[in-house]
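Going by the order they are written in, the chains are A, B, C, D, E and F; count residues from 1 in each one.
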Amino acid sequence: MKFLANLLAVPLLLLPAQAQVFTFTHDEMLKYTSHNPFGRFEDGRPKVPDAILAKVKGLSAEEVWAVLPGGGFHNQYEGNFRILHPNRKLVGRAVTAQFMPARPDVADIMEADAKGKGLRDNGNQRVLDLLKPGDVLVVDLFGKIEEGTIVGDNLAAYIYAVTGTGLVVDGAIRDLEGIQPLDMSVYFRGAHPTPIRNVMLTGINVPIRIGGATVMPGDVVFGDSEGVYFIPPQMVKQVVDKADETHIHDEWTQAKIKTGKYKSTDIYPSPRDPALKKEYEEYKKAKLAQQ
Amino acid sequence: MKFLANLLAVPLLLLPAQAQVFTFTHDEMLKYTSHNPFGRFEDGRPKVPDAILAKVKGLSAEEVWAVLPGGGFHNQYEGNFRILHPNRKLVGRAVTAQFMPARPDVADIMEADAKGKGLRDNGNQRVLDLLKPGDVLVVDLFGKIEEGTIVGDNLAAYIYAVTGTGLVVDGAIRDLEGIQPLDMSVYFRGAHPTPIRNVMLTGINVPIRIGGATVMPGDVVFGDSEGVYFIPPQMVKQVVDKADETHIHDEWTQAKIKTGKYKSTDIYPSPRDPALKKEYEEYKKAKLAQQ
Amino acid sequence: MKFLANLLAVPLLLLPAQAQVFTFTHDEMLKYTSHNPFGRFEDGRPKVPDAILAKVKGLSAEEVWAVLPGGGFHNQYEGNFRILHPNRKLVGRAVTAQFMPARPDVADIMEADAKGKGLRDNGNQRVLDLLKPGDVLVVDLFGKIEEGTIVGDNLAAYIYAVTGTGLVVDGAIRDLEGIQPLDMSVYFRGAHPTPIRNVMLTGINVPIRIGGATVMPGDVVFGDSEGVYFIPPQMVKQVVDKADETHIHDEWTQAKIKTGKYKSTDIYPSPRDPALKKEYEEYKKAKLAQQ
Amino acid sequence: MKFLANLLAVPLLLLPAQAQVFTFTHDEMLKYTSHNPFGRFEDGRPKVPDAILAKVKGLSAEEVWAVLPGGGFHNQYEGNFRILHPNRKLVGRAVTAQFMPARPDVADIMEADAKGKGLRDNGNQRVLDLLKPGDVLVVDLFGKIEEGTIVGDNLAAYIYAVTGTGLVVDGAIRDLEGIQPLDMSVYFRGAHPTPIRNVMLTGINVPIRIGGATVMPGDVVFGDSEGVYFIPPQMVKQVVDKADETHIHDEWTQAKIKTGKYKSTDIYPSPRDPALKKEYEEYKKAKLAQQ
Amino acid sequence: MKFLANLLAVPLLLLPAQAQVFTFTHDEMLKYTSHNPFGRFEDGRPKVPDAILAKVKGLSAEEVWAVLPGGGFHNQYEGNFRILHPNRKLVGRAVTAQFMPARPDVADIMEADAKGKGLRDNGNQRVLDLLKPGDVLVVDLFGKIEEGTIVGDNLAAYIYAVTGTGLVVDGAIRDLEGIQPLDMSVYFRGAHPTPIRNVMLTGINVPIRIGGATVMPGDVVFGDSEGVYFIPPQMVKQVVDKADETHIHDEWTQAKIKTGKYKSTDIYPSPRDPALKKEYEEYKKAKLAQQ
Amino acid sequence: MKFLANLLAVPLLLLPAQAQVFTFTHDEMLKYTSHNPFGRFEDGRPKVPDAILAKVKGLSAEEVWAVLPGGGFHNQYEGNFRILHPNRKLVGRAVTAQFMPARPDVADIMEADAKGKGLRDNGNQRVLDLLKPGDVLVVDLFGKIEEGTIVGDNLAAYIYAVTGTGLVVDGAIRDLEGIQPLDMSVYFRGAHPTPIRNVMLTGINVPIRIGGATVMPGDVVFGDSEGVYFIPPQMVKQVVDKADETHIHDEWTQAKIKTGKYKSTDIYPSPRDPALKKEYEEYKKAKLAQQ
């Protein structure tokens, strides 16, 4: 009965989004993420496979950044976060949400829409209801701290229970102490005791801006102790492949450094002496062959 | 041949918008501005009449703010601008534009769209082509200064020639010296010699955020030496009406102050003494009757 | 001989305060803290009992904030601190101190006063001499970092030895490395090697401002990994009582979340389905009965 | 009937202050301003004579600063203001007011006090009622902009009508456009349309902090296009006297500069060549003799 | 006796510089400014001719920036200044000075050097003694405001008397009111009453950093109401030549805009229609021929 | 063959420096560090002996700062760093490097120089080639974060392998995650994925500015969890000697504090009671005798 299931699934998935100002039709989602080489969710959002996400988890930031600018992607990184567990990597597929300062005229229309669809009136939770395993919620709250708290400890626990990943918010969280014990990764601008207020949820799964980065639904989110990277699906394979080579290069370079026999410019960024250069090329070839 | 002209006009007007990620269909524009009590442009954007705009020009910020919060509109003001001519008021109908940090995957799709419609590839100018007399361009450039310059002196002159009003940009302008002699009102965050770069125009005539304010297409923009107010069309009449009363109150209060006979708390915010109170009520009644 | 002891105790306690510009007479202290339902110290400062402080130690920030705004207390929290041991809670009774930029004319008068009372000329230590077990010193040093260091490691050790709690300073500390090994909680804006200079101690145990919060002597200080809360004595009982309920709510909600059977809006902030609602109400009743 | 007038005047003057947490008794005012060499107001506030204020009006900032640090007064200047009319000097006697974030427990007690004395419930106006010709209101609003607006155009007009001077506020003003036409001097941190809210008036005519400066009631306020200086009464005469000498020095130095015959180090800060030195000393002696 | 004069002039000119840590020998000055196509001062500093400076005075910032990035010069602009007379252009040849936080060990050695050469001990004035007509003093005071005041009104008057131009300082000035009446251009970060202190003059006429720009001695300084541009001598001619073309383009474009017949993208940045394009090219050719 | 080795060593050491704008000749290095009481490296840089560095490692910041201001050194501390391992001390001899925003005219001359000397074209690595055991690289990158990354994990590993110490940079690092596992101490302003770009290396082993501190080559770098101190070689012995006394004072004071028998002003900063004072003096004498 997969056919019927799909029929039912689609409205359920799309309803909440349709109660927002900004959302994509299925066609628009396909159009704006048309470079995605992988499968998709029912709403069209790119679904980078779990196997690839697992590989991304093993990458370093250097390996991610080694590829993105070359592909013309200069605006896929944002730092300046407070990070709940800096030593835990955050990897998953972006679900995006955009908030704006509340206006009753616009908010009322959206709430009427939502009510018509049987949705409760908690704007910030509607997007939570959409989350799936492997998703990472990425929220534009325009840097609001006071009354800009996307979740407290209960809803943070919900996010972690459903996704197994974490949260990126250009805004705040509540109940830091209650969230700390959770194993989840959270990137946030600040913590404040006030509940979220005076904002409205204007977009779900549309392009959003997080600081200097533009995030698309379905991007692979990669967070480390430095900040967060948003990798377009079509770049992920290249990132993973190139990483092997970078890894070999670093291994060889650091081994040479440890000998104490070389000046920095002798071996980095590439060996200077022809003999060393050859040695490195052979090492790389051999290593790549083993992969 | 007005009929044919209209037929032609509509596509011309809407095409540029359709080359952006975020735009409203005619229906959406009507839905999200459904409280608008006035007429509309062909694309559905509210068109507060010129006669009312003329009245707004005579208002003070105090008179604007006296009404908005009472209607639940707390997020319709933004300050912290540099202001080209602080003593010139800026009044007009908002045309909104939203930029985001560039991503080649999304930008390419929008450019292909635009090319298909015979548009030139100058993203920031597409929205300029839409401007009409009485419009005020309001641009979200997320506070970008370097390479965040929406116009230089040539395009500023274009905006002023077409609209007769001015510009609000959460970003920068170029060629400040060339813009200065123009009589137009410009609210901007900074000036920089670099041309705009590394951004993409993602929305036209959709809700945008300017600092702490949410701006809708068709809002009445009111700029003074303090900052900019965005008045929803449905609030404009109330603002104008209430202003008369505020004006009478201030006139009476300041006249009393000038007598030097009263302590501040005797007369402000309202007269304390029953006799004075009565005097004021009668003065107000008489004055309102004259209007 | 308790009568005589009190006679002696009062001057000893009040002398240092009397050498400051701002201090409360015994009557003023009673007047401005007249809502305090608990006992008081000799100088009139509210003394929330140790047993209640022990309960406060078990609270979460959420439980504190669940009550304060409802009582009209919106300005009892301050974040943006550097925190010495973020995982240690800070709980105690506020002793407040206010500093201002030094003026020799005012400072000389205060010092003459102090000398006349046999006090040493170390302004910042006078308030330290007042500390008692369970007190938390809260200091307004107007955000001064360089030459705004309230204590170094020796005096920090003194504070901890006497109070067993910690310190909140809108200013700096010295000798961070020497303070780190102490188990005490310290909330500070920065660390600097310079000693405190060019300031004068203007108030002891009077209302002070710490960022956006107003602190009264005798407030219960509650510091966690997010920031510091200042709970008026008259609110403490309500906070503690309400916390039990919040605790039960969170326990039930998180248990439901872990089942993985509910959308976020199904159960939070309250269960949506009537059956679930009833289940929760019964759970709560049973749990409260056990307390 | 001057005796009776005084009897009546005192309570009228002191009542409002007594409704605040911080105020001085008549004795405390005398004690903390005991260096004042001039007369006093009924409440004890130093009253630097009008004739001296007139001389201060002719000074430059350099002439003010030439004396204060030498007297140990390093914290009597604050910049970083927006200035309404930078080319108008502000000179007058400080009336100080201190606000803090509101707490209902403290605010209620003060309001009850005030009501008991027949005062209206507009905290920020109580201090306005105290103003006299030649006073300058100096307000600590802890840098609050939104809802930190001490006056709008009506009350600004009141201040100017009563004092003939202006206003210094570490906070905001409302209705900038309505205030601009007034000839008064206003030093403020920002302008905002919101009325003042969520604060309480805690002190009148007590020491307050404005940025890095400590201000006492009765200080001579001196504002120019750079910022504001707070001159203790006991320093005013010395400032005025020294200014004559500085003026002669600058006149002579600038005349020499205009000859184009000297290197900078030849004549500044003092002439280097013995003959020039002598010439200058004789010039100064002659000029001082003329005064 | 010009030969002898030169012999004497050289030591006089170079002595002050030699008392600093950083200075160029004559050879180094030639080496690091070897692209300079114009004459030089005795110390080797490039001397862009007065006739060219006069042309630069007629340029707009747009015309300057139209050329520099194309030559690889991306770091020749700095904004974020307070500007004394925004409507006066500043044009001249850079004399650079670098200050650093004082260290007695280094400062003593420089002072001993200076004393040995008969120089006075006013570090900041030594560089003033070097100034010549048409020079612009450019000072790196690392953004210091308090005690970072390069000149007050006397020395500002000196600079203006000698150079006829102005001053750029990444630091502060004193006596703003005394400087205001001077016709000179001053770009500064802030104004403060304190004299310069706790710094040492470490370099004269060496490369310095002003915010994001690197300035070389002999660069043409161009200041307008936006900020300051530092044009390398070898780029000046190209800037001036290209400006004519830009000027013609803007003239033509703005004339077209004024007709009200074109959309922005029809004519800017270049005419779109082949006929218009041709018209423009012919206009440009004719105009250039007239020059 | 030490003679020949030296002959070879000198050019090797000095070459890289000579490719920079700012460098010292051997004579200049001696002149500007003439107070150095210890030996020197071949290029004249002071070489504080390893044995003394070992003692410095045992110091506290308080002990360092107890001496420097007394010697007139007020600008030898900088905070506001992110610190890789706050609990690891950083101690070593400063090797300084200064970067400025790139200018092709200056950069090309330096690169031509370098190429002529057989150096590779990686500006930032040239200074790395100079490092020796016990050195600490101190880099002025003027606070640049994006494209201001002095090293990534490979070169960080190189620095640690060669020096065994760490790095101070007024700029950024790359690959924070790859650097974290290294035991080295790193003080930095931020982390960013972009490689270093648009800057040029202008000085090696010359005075540089790190925030508010002036650093000389050969200074002893002392970093703790608060920030970094730069101790001139001639002050090191005094610092180490005085530390013993400070240590004894703290030991005694803290022992007294633990007794709980004293008020803070009784024993700090020095004992008040004559008997206690005597006890302390005897304790100190005995302890110093043991050293």
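FYI, a contact is a pair of C-beta atoms (placed from the backbone, for glycine too) under 8 Å apart; a residue touches a chain by one contact, two chains touch by 3 or more.
Quick caveat: nothing in here was measured; it's all calculated off a predicted structure.
*Asks:* Check every other chain and keep only those touching both chain B and chain C; list them.
*Replies:* Expected: A, D.
*Asks:* Examine where the copies chain D and chain E touch and state whether the two sides share over half of their residue numbers (same) or under half (different).
*Replies:* Different residues, largely: of all residue numbers at this interface, under half are found in both copies.
*Asks:* What is the distance in Å between the mean C-alpha positions of chain C and chain F?
*Replies:* 39
*Asks:* Report the inter-centroid distance (CA atoms only) between chain A and chain D in whole Å.
*Replies:* Here chain A and chain D have centroids separated by 54 Å.
*Asks:* Determine the centre-to-centre distance between chain E and chain F, using the mean Cα coordinates as centres, and give it in whole Å.
*Replies:* The computed centroid separation for chain E versus chain F comes out at 35 Å.
*Asks:* For chain D, what residues touch not just one other chain but two or more?
*Replies:* Within chain D, no residue contacts more than one other chain.
*Asks:* Would you please name all pairs of chains that touch?
*Replies:* Touch list across chains, by label: A-B, A-C, A-F, B-D, B-E, C-D, C-F, D-E, E-F.
*Asks:* Which residues of chain C touch chain A in the complex?
*Replies:* 60-62, 64-65, 69, 77, 79, 224-227, 229, 250, 253-254, 257-258, 260, 263-265, 268-269, 272
*Asks:* Of all residues in chain B, which touch chain A in the complex?
*Replies:* 21-22, 31-35, 71-76, 100-106, 109, 142, 198, 200, 202, 206-207, 209, 212-214, 216, 232, 234
*Asks:* Using the touch definition from the top, list the residues of chain C that touch chain F in their complex.
*Replies:* It comes out as residues 119-120, 122, 125-126, 128-129, 145, 152-155, 157-158, 161-162, 174-178, 180, 190-194.
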